[in-house]
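Structure in structure tokens, see below.
We just call them A, B, C and D in the order they show up, numbering each chain from 1.
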């Protein structure tokens, strides 16, 4: 697998990093990916993009059976319709993202002008608003359908999130997402890393936790539990609810920075959404 | 680190419901828990769902005339707020231990 | 648009059919927020026809998952027309046609 | 999966055909209601086939997970090398065990795949009606209450 080695970035590490113990993003990513590869030696690296099914053969069989005619196909169809339907001003999402919307591989990115992480969902809604339309709601429904269509047309694009070195705020956003990932919260006192890194693949009651390597590649997802499509931020919120931590706002700074970090950790994998999950 | 833990202990002592358990109306106790909850949320961005639930339950109990129950729930909420605060403080210093090297 | 999606592929004289039908498949056991039961509403019968012949039929219970999936194989050729129809317990019907690939 | 294939296929499906013709009558429709609203596997079989005398058979392939990922969507597959007229599928501990009955006309393979709901861990049974006799294959499927995912 190709790994993105950003030597220029490696040189810039240390600037604006509060703790001397902190390695830079490039080292973080290498250590993160190596951790999963040595923990799950039977999983081919690219297969981590398939979530828990990359480490659970029996569940994988059921998943493959669902993928024979996945429920998200209905979402892709609806998304295609929405994507090409005209706004009141005669334009459509295609005017923002091209005829097929195959732009998944460009997100999330650091928007220097705005000083924030730009996600694909946000970009969709900003395109709508710029054309005088109301934004979609963030977590499910039309936003999930449209991004399902766009992600589908983007399948196979490489995850290559960049943390620009010429804007220290980008590194700060990354560090914020990283801290979020490793910090315990909620009454159950779990960090994302507790379940999805340190004990990834272990049973929590009846569920095996998925590796965080590959967590951000396959969205939006049709979850059997939801019986509907949902965005990555919908899942973040669900996870926080599970550990009895108040969820943050979808597309707020916390989740956008978390997405920035988690996606960066999966650099080198392929975007493979939409997907079906349990 | 040591100082951090001391601060937490101090914070717990100051915020302990025992410190004001006997004083004020139950409504004031609920208000105190709500205020502390908001304060912690503002300072640390940490919030627990169970705290919100305890505060809501306290308000409901008070409405229904269960003063003792409402007071108990308000104190429970305050304890949860304090635990949230402790968690945030400990985590600010320890989260990096989980980062793979 | 039809509620039915069909994929039909021929190999060695056998047509592999996969179909997904958009339908809530209410079991009659789910409750609304106010406690009242959501009435059962489910696809009771599915029929597949090709070349004027019925090639497959199935009767469902409410225990078939939401948006029912059904796969079967029949003897046929590329270019054959395949029509799949469903009927639910309220008498509603829908159908879709495709050419075997 | 070829990422393009889905949409192409979807595109070939013609728009909804207005179902004006009477719905084709399925042969067992007359007693299906009683078979489907019945808490007992044996009674359901009686309603369906006029008999509940079954013989276990190794010639039936029943594919169902040992542990269901999600009880709301359990993929199952039944196939047999026998000449089957009908294939039924039962989930023993569901309120009404009978989930599906498929009619297999001549020229159609004795195979059916679908996804069923399961309330709890229980035995599932595939029933094949062949030459007036009933053959079965069973296995247990565990349904768990999830921690985070389920």
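Throughout what follows, a contact is a pair of C-beta atoms (placed from the backbone, for glycine too) under 8 Å apart; a residue touches a chain by one contact, two chains touch by 3 or more.
Predicted, not measured: the structure shown is a model, and the values here were computed from it.
Of the two chain pairs considered here, A-D and A-B, the higher C-beta contact count falls to A-D. Chain D has its Cα centroid 53 Å from the Cα centroid of chain B.
Chain A and chain D have centres, each the mean of its CA atoms, that are 37 Å apart.
For this pair, chain A with chain C, the centres built from the Cα atoms lie 34 Å apart.
Residue positions 1, 5, 7, 66, 69, 71 of chain C are each in touch with at least two other chains.
Counting partners per residue, chain B has no residue that reaches two or more other chains. Among the residues of chain D, those touching two or more other chains are numbered 10, 72-74, 77, 113, 115. Chain pairs that touch, as defined above: A-B, A-C, A-D, C-D.
By the touch criterion given at the top, residues 1-7, 14, 27, 29, 44-45, 47, 49, 53-66, 68-75, 83, 85, 87, 93-99, 101 of chain C touch chain D in their complex. Residues 1, 3, 6-7, 10, 65-70, 72-75, 77, 113, 115, 144-150 of chain D touch chain A in their complex.
Taken in their complex, chain A has these residues touching chain B: 19, 21-23, 28, 31-32, 34-35, 178-179, 182-187, 189, 191, 193-194, 197-198, 241, 244-246, 248, 254. Contact residues of chain A toward chain D in the complex are 52, 58-59, 61-63, 65-68, 73, 76-77, 80, 152-153, 155-156, 195, 203-209, 224-225, 227, 239, 242, 277-278. Those residues of chain B that touch chain A in the shared complex are 41, 45-50, 52, 80, 83, 87, 91, 95-96, 98-101.
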